[in-house]
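We call the chains A, B, C, D, E and F, going by the order they appear; numbering starts again at 1 in every chain.
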Amino acid sequence: MTNSDASSNDGAAGTDTADARYERGLAIRREVLGEAHVNRSLAGVSDFSRPVQEYVTRTAWGDIWSRPGLDRRTRSLLNLAMLTALNRNHELGVHVRGAVTNGCTEEEIQEVLLQAAVYCGAPGALESFRVAERVLGELAAERNGVGHG
Amino acid sequence: MTNSDASSNDGAAGTDTADARYERGLAIRREVLGEAHVNRSLAGVSDFSRPVQEYVTRTAWGDIWSRPGLDRRTRSLLNLAMLTALNRNHELGVHVRGAVTNGCTEEEIQEVLLQAAVYCGAPGALESFRVAERVLGELAAERNGVGHG
Amino acid sequence: MTNSDASSNDGAAGTDTADARYERGLAIRREVLGEAHVNRSLAGVSDFSRPVQEYVTRTAWGDIWSRPGLDRRTRSLLNLAMLTALNRNHELGVHVRGAVTNGCTEEEIQEVLLQAAVYCGAPGALESFRVAERVLGELAAERNGVGHG
Amino acid sequence: MTNSDASSNDGAAGTDTADARYERGLAIRREVLGEAHVNRSLAGVSDFSRPVQEYVTRTAWGDIWSRPGLDRRTRSLLNLAMLTALNRNHELGVHVRGAVTNGCTEEEIQEVLLQAAVYCGAPGALESFRVAERVLGELAAERNGVGHG
Amino acid sequence: MTNSDASSNDGAAGTDTADARYERGLAIRREVLGEAHVNRSLAGVSDFSRPVQEYVTRTAWGDIWSRPGLDRRTRSLLNLAMLTALNRNHELGVHVRGAVTNGCTEEEIQEVLLQAAVYCGAPGALESFRVAERVLGELAAERNGVGHG
Amino acid sequence: MTNSDASSNDGAAGTDTADARYERGLAIRREVLGEAHVNRSLAGVSDFSRPVQEYVTRTAWGDIWSRPGLDRRTRSLLNLAMLTALNRNHELGVHVRGAVTNGCTEEEIQEVLLQAAVYCGAPGALESFRVAERVLGELAAERNGVGHG
């Protein structure tokens, strides 16, 4: 049995190598999260955390985000919803940043989190609003020349 | 303090009554889930479950789905993602049906659940694929004149 | 260090044996879930599941339910709320039965699950309403001489 | 179909407006969480978070907490249990404060969290004990004239 | 930057192709879950579910299970624990089967689920014991020439 | 009915007292988490948190960790997996420390968390890697004479 047909509607062809997936994922990750942000992350990677960083770059960014079936704006909104449901605030903050880069408006982010209030419960939505507000504030500060640098 | 200004970008105006929200929600619910499906649901509502049915109709459908900030197609995709994360298969099945009515393609549903595989974990994605596949099969059977009746 | 003082406001004294906790737990479990129901459960216990059945009887029923700090009615309502949040429907069904035995009214059960709709999200509340309605129906049938036995 | 009958055992009548629900919710929220605390919260609300703040005030406080079917003390205990299960520590802290205002004793709070240890697992209970202990300490400090203000 | 060094302690080398990962994963999956079981699964794969099946085969089985850092017996026990925590009973059943193939004893499975009772809560452990007991019964029936086929 | 037979393969005999379980649990807890660490914990226990501390010592450490069916190394790895799935970072940090004491290597901890990436989702694994890396750094500092004391 070969899975090459099925892979053809995948971001990855069956002959795609792990290195190719990593490079493709890293490129998308840079586009979505920003050159400076990703460079800081890569500089901080230790031997201990390298395998998971590479796994996430290859899998989340290289395999999934590279697929043509949904635009990046929609993928960002989906992540905000899932990360609220999963209660993962650090990663939520990272993806609020990505959502803005991908062209999501503040109102769209607000709408996703309001919808999450009904489906995931009010406490999760309140927490995600706090996270999103903080990151949106940081992004505004960075645009004004303040912030990390 | 009055919240009428803030409510103006809400689906609901500050003078909106509970009855009005219920009627608005019921109309959207019928459009999304189908006339026959909602009629069957309403016929099966007991005194015990009526308060939660009305709460959901007013809140989820009347307050949130009526808001203009996101189109219904996107709201459907968000729900598939959140219901996978929350492990709520019954409601997921209901919203796969709604997603199709709202114009989501099978490929888009597939993409959302694949993205969920990375963020929510493989077991949840596998389960949601089973739920979605069953409902898509039921919808195909209904289109062909088979089904509930 | 001795923990006998602290244990004095516990259901268990420091000299309490595992057998005593099990017997005390089994007695409370019978009172809450019913003689016939618990006898059926015990008859179905295999060697494989015996350790967890005994652990739960000793711990949940013998250690916690025996404590005087909250009445059984309140403990039942708390369990309905937690089991909704945890998405554990089988155990929820068992504790709806217990709630009724402990004197909770149908309206109180309804209120707990409505409150869960706001805090745990609508999909979980809808599912718990379905579970509770089924069990309340079974209890009504048993009172009318129909049912398991 | 009309839902006015069903709404009559609801906190809200069918003719209840969104503004009325908000005002009723805000009043209960002030009673439970304290005048000073709520004023500080309202002063900190941005345009971004206003919709979710209003949604929660209308829904959680205006629709659910206003219902007569359970007393406020019981509703507070239920929230401590659900927020432990949901792993939402910020909101848990807010509701420990509310529980004390609603007349729950420290022993009752302790009992709820001990019961959560069995049903939600030991790690969640340990974390909720840490949160509750911190908030109870803050409340004691405020009663002694120390604290926020 | 190249990730070839880091990948060398990975199951996959940097030049590994998607097809190679799939074939390696499929081989391990057959060894762990059984030839007949996997053949039935592959025969039932539709176009809709093929991408997630291939994703799981490449990622879970091809990338993770192929890594040398933990033996298969330990990986099986870890999965039983995680799937209990995640409340994913279908996948739990699949991995109970895998655990037995990988040489885990019934007592070890029992121990994992008892440990889960303390950390994940009693309701989850009770449910996982029911799932495990059913699958162990099916395996015994299959060994005796009864069963699916 | 007596449960003494079943208890014989338990860490606890049926005649085991609560005090005995506590003392046995405290001894194992000291061995796994370290004398100094446990002494600091005990010194910080208030009347409010004492019941849960004693419950956890008796149950998790005295009843489960004392059972012979799995070695401590495996129990540590299981806890890292479950605490990742449960999103309980504080307790995860405690058990990373315990895992090292129980002889788990850094590579094994890494492998468990990588496996969790597939089954619990990437965001949880990334967060657990951050927690584990911080604790491993603290342990290294303590071995070098720096740190808490």
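Going forward, a contact is a pair of C-beta atoms (placed from the backbone, for glycine too) under 8 Å apart; a residue touches a chain by one contact, two chains touch by 3 or more.
Quantities reported herein were computed from a predicted structural model and do not represent experimental measurements.
Shared contact partners of chain D and chain E, listed by label: A, B, C, F. Among the remaining chains, D is positioned farthest from chain E, on the basis of C-alpha centroids. Put simply, the chain farthest from chain A by mean CA position is C. Computed centre separation for the pair chain B/chain F is 42 angstrom, with centres defined by C-alpha atoms. Between chain B and chain E the centroid-to-centroid distance comes to 32 Å (mean Cα coordinates, whole Å). Chain E and chain F, compared by their mean Cα positions, are separated by 25 Å. Multi-chain contact residues of chain B (touching two or more other chains): 51, 55, 59-60, 63, 83, 86-87, 110, 114, 117-124.
Chain contact topology: the protein chains form a complete graph, every chain touching every other one.
Residue ranges of chain B in contact with chain A, taken from their complex: 59-60, 63-64, 67, 69-70, 74-75, 77-79, 81-86, 107-108, 110-112, 114-120. Within the complex formed with chain B, the chain D residues making contact are 1-4, 6-7, 9-10, 12-19, 21-22, 26, 42, 50-51, 54-55, 59, 63.
Of all residues in chain D, those touching chain A in their complex are 46, 48-49, 51-52, 55-56, 59-60, 83, 86-88, 90-91.
Residues of chain D touching chain E in their complex: 118-124. Touching chain D in their complex are the following residues of chain A: 87, 106, 110, 113-114, 117, 121-127, 129-130, 132-133, 136.
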